[in-house]
Amino acid sequence: TALKQGKRVIDLGADFRLKDPEVYKEWYQIEGADKEQLTAAVYGLSEINRKKIAHSMLVANPGCYPTTIILALAPLLEEKVIDPSLMIIDSKSGVSGAGRGTSLNTHYCETNENLKAYGVPKHRHIPEIEQELSLKADQKVQVSFTPHLIPITRGMLSTIYTVPLEGIEPKDIAEIYQAYYGTEPFIRLLPAGELPHTKWVAGTNYCDLGYSWDERTGRLTLFSAIDNLVKGAAGQAVQNMNIMLGLEETLGLLGTAIYP
Amino acid sequence: TALKQGKRVIDLGADFRLKDPEVYKEWYQIEGADKEQLTAAVYGLSEINRKKIAHSMLVANPGCYPTTIILALAPLLEEKVIDPSLMIIDSKSGVSGAGRGTSLNTHYCETNENLKAYGVPKHRHIPEIEQELSLKADQKVQVSFTPHLIPITRGMLSTIYTVPLEGIEPKDIAEIYQAYYGTEPFIRLLPAGELPHTKWVAGTNYCDLGYSWDERTGRLTLFSAIDNLVKGAAGQAVQNMNIMLGLEETLGLLGTAIYP
Amino acid sequence: TALKQGKRVIDLGADFRLKDPEVYKEWYQIEGADKEQLTAAVYGLSEINRKKIAHSMLVANPGCYPTTIILALAPLLEEKVIDPSLMIIDSKSGVSGAGRGTSLNTHYCETNENLKAYGVPKHRHIPEIEQELSLKADQKVQVSFTPHLIPITRGMLSTIYTVPLEGIEPKDIAEIYQAYYGTEPFIRLLPAGELPHTKWVAGTNYCDLGYSWDERTGRLTLFSAIDNLVKGAAGQAVQNMNIMLGLEETLGLLGTAIYP
Amino acid sequence: TALKQGKRVIDLGADFRLKDPEVYKEWYQIEGADKEQLTAAVYGLSEINRKKIAHSMLVANPGCYPTTIILALAPLLEEKVIDPSLMIIDSKSGVSGAGRGTSLNTHYCETNENLKAYGVPKHRHIPEIEQELSLKADQKVQVSFTPHLIPITRGMLSTIYTVPLEGIEPKDIAEIYQAYYGTEPFIRLLPAGELPHTKWVAGTNYCDLGYSWDERTGRLTLFSAIDNLVKGAAGQAVQNMNIMLGLEETLGLLGTAIYP
């Protein structure tokens, strides 16, 4: 209804993220949004869809897991340097990712000093990840995705296992990331050999990216860290708003948020 | 009703802890238990009331804070070596003390990395503490009591500030504790100068006691640590059951409980 | 030597905090600073000594515990509304208070899920506290002080037990705090009945003050919370620098620090 | 030298785990043990090598990561139901895995509220994992292995991504695990759909195993949790000692260890 009044909307839920209402229904077990609105909606990963976001009436703000994952994989798929049939994603999230509602799952004594996987094999963020990666790969892709709950308040780290295509070398990876993200205000490319810590991004809108090339196995592992409450949620919404309104993209986002 | 069937009962709630139903009503804002039952009930602090517990039909298991506090203070009041008019108690509790029910108060993200006092100035454990200490002091005593919530799962530490009476020396304190608790299976008297860590009692039914005598100010500070889920709750109930049934008092209590 | 070159200095250590070199020697077991320099040094608790700091060549930045304690007690002693002979201070500190040096004491596995007191009865912050409080009380005062180590990274809470003098009422306390601190940029007076959480000050230069008046016992408990790494250390140093240089006092201090 | 005196030895270090001294030298950058001793040494994963351990003079106690990984993968490789060329292992360890030595890495303030990967791509536990898995697979295998440091004291979880061979069904996996481990005292096979929590094994010698079969991708994810200080270290050493001495295998291992 806000839309019908001609207002521009950034939606923080999942309703407008998936283009195909059938897919939505399959993964969320409820009817999805109106087809027309879905067509109009832009998936709001700022660095990937900046131009479309700028002119959009309806932006679907991404989930936190997809933000870490798509930012790491999109350039490599678009440049066709990794095998799109083998992407295995092991993600770890702090407890604030579960929201502020109360449940045994977020009870201090159940979560503290514990470590577990959950939501396998069909976590609801999968279709969103596959939809966007398929666009980049120019073919339908599938991923394996396992989220884990970690006893920290803020922070999310995705460890992504990929297989580089033949002839690709480590410097190609570095160059692609540099070309895509070298001037991005909220993506920090770590020096070779350095891996992200979630503490380095806590309270900020940054996504820190690192990678490890294993000569022995010929595999490439990507590491992507964000603060799930900022770049993974409200911070990216503000970034999108800035883009939509033609403001400086970093406006209001260079401070740090510290609660909780 | 279990009582009416002639069964012996250990009650884990507060209903039978306070002898005076008026006091109960004042602090709990509801009507208390039957006067006759209150008269029959024994306050189940094992080390203090062992003989009465042995023959009781109805044992009121103590609260966790009172367990740490009364064990530390009772011998010193009974021997009249500290000023009964000045006892200031600063207690710290792990989150499991708040129970397994869900609330924002026990939500991981509200509790983790936080430190706060709560429940001042009238926490419900005060009348229970004052009732038992008054009995030991042979006069009505009042205490200042401030509980704090600490981001650990298990563990409770009470720091108790007292003023020794004139002529009392540090060795008197050591001797009194030794005389009262030297052979207790679940009380460990720490060597002079050593202070308890809650980690040392985690998962056990022990209460660790230490103290610090300050020559400069002439004050005596007591330190009392338990695992609130064991000696502060179910462990003491088992200890009382063993006493009631004439079993070895340590039966079932020498292992460690580790969840959560 | 910086001083000798005519440079103004803010010293973060303890060397210039104590006016009396004999007291320094007693508590630190080493020779103190030069008497002349001690005379020149100003104790750098910004809100208490703002005017002297403004013109000082040498500011001794306070310890973290003393900051919480002196801010809470100074107005009440100066206005002579509490008994200066009975001040009992129970403080709790996060682990960053122990510095970044490595020791078993700061090892994750020793500290995590643990709770303990330490440094009794003669913690080195005591003479600094007593020196400043004596100035405010116009008489020599002594305090009882017990620090505790708590498994959080940042944050410090002092719970301070006092006895109001006869005739003093709760509203007097509120009015005094308002008069002293109502316009302070970095002191937040909590509404009656609300107690500070360290999480509310984490990453900031604020000191949050609350209190609880116990009608039953006639005692007054004060609560004072800071981030030990900011108002308890570097933040207050910046605040003092701003005062010394005639800059806006909040310059550089309204953001939040988030690491670690 | 203990060996030369005819004493039987359980070695907790890495020195005797690798059969090939060249491999040892490559991964540890120092000369390995004597070839003869290496030949005599038995890799002490109790459930896998029980018979050899029983008669061995020299048992090389496994590393903590390899324990979780080999226990999960060995039966599936031996039964040839998964592709031995694609095993991707994402492991998470509590801080006690880093030992009690002090370093910035284990400093509370660096580790608490943080999440990171480390030791890629060549963590020293890899050759040990590949050596044992190659024996089971009857061919040389390689794995991808990424360890992560998690802010808990005890606990280790390995999430292992595999590809089942054609024709294999979920019930085959359940049956194989049941056949291999159904009567093991220290392996608990979780019901289908349930995933291990490290808290469930904390302080115990158990290894909890679960798995998730993803119909969509045709992949199989294994989950293996232990307490790194017990089954991952001293507990398994005791288990091996019991086996060597012909004692009841669970002797001394059914209690729980709770410190730290």
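Labels A, B, C and D are assigned to the chains in the order they are written; within every chain, residues are numbered from 1.
To be clear about the criterion, a contact is a pair of C-beta atoms (placed from the backbone, for glycine too) under 8 Å apart; a residue touches a chain by one contact, two chains touch by 3 or more.
Computed from a predicted structure; not experimentally measured.
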Contacts common to chain A and chain D (chain labels): B, C
Chain whose mean Cα position lies farthest from chain C: D
Distance from the mean Cα position of chain B to that of chain A, given in whole angstrom: 50
Mean-CA-position distance for chain C and chain B (Å): 32
Averaged-CA centre spacing for the pair chain C and chain A, given as whole angstrom: 43
Contacts with two or more other chains, residues of chain B listed in rising order: 110, 112-114, 151-153, 199, 202, 260
Touching residues (chain side chain C, partner chain D) in the complex: 95-96, 100, 102-104, 106-114, 151-153, 260
Partner chain C, residues of chain A touching it in the complex: 112-113, 199-200, 202-204, 255-260
Interfacial residue positions of chain B with respect to chain C in the complex: 86, 88, 90, 92, 94, 110, 113-118, 120-122, 142-144, 146, 148, 150-155, 157, 159, 161, 195-199, 202, 212-217, 219, 221, 223, 225
